[in-house]
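Chains here go by letter, A, B, C, D, E and F, matching the order in which they are written, and residues are numbered from 1 within each.
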Amino acid sequence: MLEILLSSLSSPIVLAFVLGVFATLIKSDLKFPDSLYQSLTIYLLFAIGIKGGVKLSGSSFSEVYKISIAAIFMSCMIPVWAYLILRFLAKFDSINSAAMAAHFGSVSVVTFSQTSVYLEQKGIVSEGFMPAMLAIMEVPAIMIAIFIARKYSDSKGESGSKIMHELITGKGSLLLTGGLIIGLITGKKGFEQVSPFFEVPFKGILCLFLLEVGLVTGRRLSDLRKVGFKLIFFGILIPVLNGLLGSMLATWAGLGVGGTTLFAVLCASASYIAAPAAIRMALPEANPGYYLTASLAIAFPFNVTLGIPLYLNFSEWLHHLN
Amino acid sequence: MKLVPLKLVTIIAIDALEQKIISDIKQCGSKGYTISEVEGEGIHSKHFSDWEGRNIKIETLVKEEVANKILEIISSKYFGKFSIVCFLSTVEVLRPEKFE
Amino acid sequence: MKLVPLKLVTIIAIDALEQKIISDIKQCGSKGYTISEVEGEGIHSKHFSDWEGRNIKIETLVKEEVANKILEIISSKYFGKFSIVCFLSTVEVLRPEKFE
Amino acid sequence: MLEILLSSLSSPIVLAFVLGVFATLIKSDLKFPDSLYQSLTIYLLFAIGIKGGVKLSGSSFSEVYKISIAAIFMSCMIPVWAYLILRFLAKFDSINSAAMAAHFGSVSVVTFSQTSVYLEQKGIVSEGFMPAMLAIMEVPAIMIAIFIARKYSDSKGESGSKIMHELITGKGSLLLTGGLIIGLITGKKGFEQVSPFFEVPFKGILCLFLLEVGLVTGRRLSDLRKVGFKLIFFGILIPVLNGLLGSMLATWAGLGVGGTTLFAVLCASASYIAAPAAIRMALPEANPGYYLTASLAIAFPFNVTLGIPLYLNFSEWLHHLN
Amino acid sequence: MKLVPLKLVTIIAIDALEQKIISDIKQCGSKGYTISEVEGEGIHSKHFSDWEGRNIKIETLVKEEVANKILEIISSKYFGKFSIVCFLSTVEVLRPEKFE
Amino acid sequence: MLEILLSSLSSPIVLAFVLGVFATLIKSDLKFPDSLYQSLTIYLLFAIGIKGGVKLSGSSFSEVYKISIAAIFMSCMIPVWAYLILRFLAKFDSINSAAMAAHFGSVSVVTFSQTSVYLEQKGIVSEGFMPAMLAIMEVPAIMIAIFIARKYSDSKGESGSKIMHELITGKGSLLLTGGLIIGLITGKKGFEQVSPFFEVPFKGILCLFLLEVGLVTGRRLSDLRKVGFKLIFFGILIPVLNGLLGSMLATWAGLGVGGTTLFAVLCASASYIAAPAAIRMALPEANPGYYLTASLAIAFPFNVTLGIPLYLNFSEWLHHLN
């Protein structure tokens, strides 16, 4: 396990995250300007969307439909069981359980990208249409978790249809889906014009972004002590559970090892772009000390270091079985 | 040049409430407002990033009746549930008709 | 610690006027000012981008005479033609000589 | 015509614009931070300038002088006839006519760049010194339009010499002209150092910028309904007129098909970086609901979809005649 | 809806002092504050870039006693040595207990 | 000398600086948004760090230890003699002398990068570990200068240990040192992933940054007239002195001509990222009209135009002697 940890830790992208956490811990004044954070987010979402669209344009419907069903299924079910686990096993209150369930059910763009880089480094090919799954899985889980919170507590944030509209038109979905469609239309040839900006420097820009993610995570670490062991335990358990289930479903859907690992990561990863914004509006009483900490300071570092290799090994094992 | 007293209502809240507060104050009869981006701390600790959201400050110049209506609506709709602070001061303007 | 009342003049206007307003208030006798970037809506609808320009808020602490001069100049030069709002409030400062 | 439209719509750059418009129409919260808009503008202007300068350094005076005269001529005349058309045919008031004339007379950096990309895709070479024409044509029309407004209305904005100074030292002229001169001095060899930043990712960055242009245009579309059919009609008529006249002049000046098309586009395109800023200062009474809408929501989309192919076909036909 | 008068203390200073002033006002008993980024000119000429640093405006709503303590500490610790301006105004709030 | 000046002036990077100065002089409204300045700084520091770390990972201890000692020695001594010269020869007061000594003792990241580009253009190779020297030399001089100021004046800014903490955790050191360590760990192979972002466009981004440096410098030029000839004289003398001493030490330490020139430049250059921030906090009474002007408007342009060729020639001559 230490070996795996060390190997992940030799990636400049992961190390940038560690540097960010470290900078916060030693109380450095390093700070990304807001607009740099926003610009990087726009770039990453749009670039992932457009690249995925280009690759999707080369895929047939028969390749894609099974895994799409699996993606929708997981999006709808993860928040349900995550809620049940958090509420009744972990004994969190219903609003915070639902808020965390929304985060675990949605997906992390950065974890997904880091996994692609990881697989590429290992020489493992993966289905090009996986970013389409990323786009599919971003929103539904958040909606369902909010629905649960409304039902089982007396929270009174925004109305349901308002939130639905906000999620679908939110910059996350819009850039991912919009990029996907642009990629689909222009195809490989049109993409060549813009690939020196959207593809070539992608990993380097991701590396810079992870420095910022690390800075924010570092601030959440102090919350870790407050919220205690329980959150850490469930913040790892739920991703692992989702990752393993995701592996199985993807294998069933006929993906290769690479695609299976990516799908597992989508299931395992917790959102920290779309979900926090939505929860802030919809469940204002929920405590970011729980949901942001679970997502940024627990699930994300776990997935990026130990999770990805775990899901990969499990996927390899499953494919070996078949 | 005749200066006329008016009320300046200042509302500090999380940015997620921007659209709602604006439509509230318009409904109360405000004819304009000015917004700035701020950061802050109160019962809730300081927000450090976009992840945690930001604060905005909304200022609107209105007649006393409108000011009272705004306070009433803001306090009944948001106090307790949301991170929000609201206060009133008296200022003097030219052209009071612009704000009515 | 003796607190002395002074006037705080607040001017909200389109950013294109920044340099002009600053030179106006200096001419009236202001010894300093503070500017922030804001957005807003009034008769004119909200500006959404650099294309449409932005608003600024200029605040200057001055004696009452200077405040009146500023109001006079601002209202005669800009009211009607430009997007501008201007108001006065009373605040208390230490070291009043700094603002004279 | 539908075919041409569809073919333009397969460019990722044009599609990004469409996505931006769409995002505004569905009331998405997607927003570019101000400083990203400003940074992209600085990049685009400087990159165009420096690339143009490098290419200009390889051109001889005899190649350039005729088209330069044409550029100055069109810059001075477009605002005159645009004013006359808008004032007396379209019956707009004099201040708004002059404000729109300033926009039609100046040039659009983005339309110009998109045309270069379009020609490149089609394998049509064009004279390298054309960005120098872009720099020449940016300012004069705005000056003349303001002069007209002052003469034929009682507008009292900034004094003439102040505005002249502001236009010439404005960031648009400064970055374009400064870049041109730097490119001229360093030449091809010096440029190699910086071309991986100023040339390679250019189209991708333009694509991102057009997303923002689309977002702003979307907000102007609601004005379209208010201002009505008249503005749409003249907002297309004037560019077409200028584009066709520009084609003829450029053919006379001896440019090839590529350069002729680029010059036509310079004449046809309406400014939305330099002109709005200048008009806001000089003619504060003018209504952005007219000039910004005409420039962003009418002339720009028309030029980028139908205009460019039209000017290209016309230029080809003219060269065929000769 | 009972409005209660409170003091709004406004401090404009170079950004380098942010952390220090915040800990000062907390020590005096302030329960919250709001910060915005501003630019300005006074005795010192305007700062143009990060190289030269920026200004911040800190506003805190407090009871009169706390306001006086803040003024005392700010004036004794920073006046003369640092670029700083500080003033007081009276505003009206609901829920005064939030600020005590 | 004119020839040398003209040759430096054909670099687009230097010309961008000149354009920035010019823009300020003609009162252009060109302005970089704050966050662009901050983003470029983060990029440059991190990119230099990581590239240096990768190269350092290929160096042995025996190559590095002598020059490291030289770097620490110069960092500690430059502020001492700079202070003595400024205080007793130039007769500045003690606080301003110390503030300027801090700037002359620390290093300029931009001057260093420009020198690398210059050497590369000339085909002169240099030791890859030099960015590690940059990281070493950033902080100590500032500490020592502040210590001097505290001792010889009655300045009462922040406490010593607070400043020490701030300097070491400051974004300058953090990004440089953090980048170095990341580069060291990932080595050449890991770096390949991110080099299209951190290496390929580096010079172009530096060029854009220098435009901003020029804008700020331009504003300082008006201070030049006020502070007078004395500051200009000593603002050139001290860098030259440090540069020549640095050359000798580096030659002694066994560096090649390239590395010797880079070390000379580190000694000669004056900080304008870390030092101004630290001095503002620690010596609030110091006048930026002296220290910023000396660093930005005198030492920097001198070094970039005449200084670099001078140190290179001197280094070549020293190596010829040996």
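The criterion applied here is as follows: a residue touches a chain if its C-beta (ideal position, glycine included) is under 8 Å from a C-beta of that chain, and two chains touch if they have at least 3 such contacts.
Everything numeric here is computed off the predicted structure, so don't read it as measured data.
*Asks:* Give the chains in contact with both chain A and chain F, ordered by label.
*Replies:* The common neighbours are D.
*Asks:* Could you work out which chain's C-alpha centre is the most distant one from the centre of chain A?
*Replies:* Relative to chain A, the chain with the farthest C-alpha centre is C.
*Asks:* So the centre of each chain is just the mean of its C-alpha atoms; given that, what is the distance between chain D and chain E in Å?
*Replies:* Here the centre of chain E sits 47 Å away from the centre of chain D.
*Asks:* So what's the Cα centroid distance for chain C and chain D, whole Å?
*Replies:* 36
*Asks:* CA centre of chain C versus CA centre of chain F: separation in Å?
*Replies:* 41
*Asks:* Any chance you could list the residues of chain D touching two or more other chains?
*Replies:* 33-35, 38-39, 200-201
*Asks:* In chain E, what residues contact two or more other chains?
*Replies:* 36, 89
*Asks:* Using the touch rule from the top of the page, what pairs of chains touch, sorted by label?
*Replies:* Here the touching pairs of chains are A-B, A-D, A-F, B-C, B-E, C-D, C-E, D-F, E-F.
*Asks:* Would you pull the chain C residues touching chain D in the complex into a rising list?
*Replies:* 14, 16, 48-54, 81-82
*Asks:* Along chain F, where are the residues that touch chain E in the complex?
*Replies:* 34, 37-38, 156, 215-216, 219, 272, 276-277, 280-281, 284-285, 288, 292, 296
*Asks:* Which bits of chain D are touching chain A when the two form their complex?
*Replies:* Contacts found on chain D: 9-13, 15-16, 19, 22-23, 26-36, 39, 117, 121, 200-201, 203-205, 207-208, 211.
*Asks:* Considering only the defined contacts, which chain D positions touch chain F in the complex?
*Replies:* My answer: residues 33-35, 38-39, 42-43, 46, 50, 165-166, 169-171, 174-175, 178, 181-183, 185-186, 190-191, 193-198, 200-201.
*Asks:* Quick one: which bits of chain C touch chain B in the complex? Just the residue numbers, please.
*Replies:* Touching chain B: residues 10, 12, 36-43, 55, 57, 68, 71-72, 75, 79, 85-89 of chain C.
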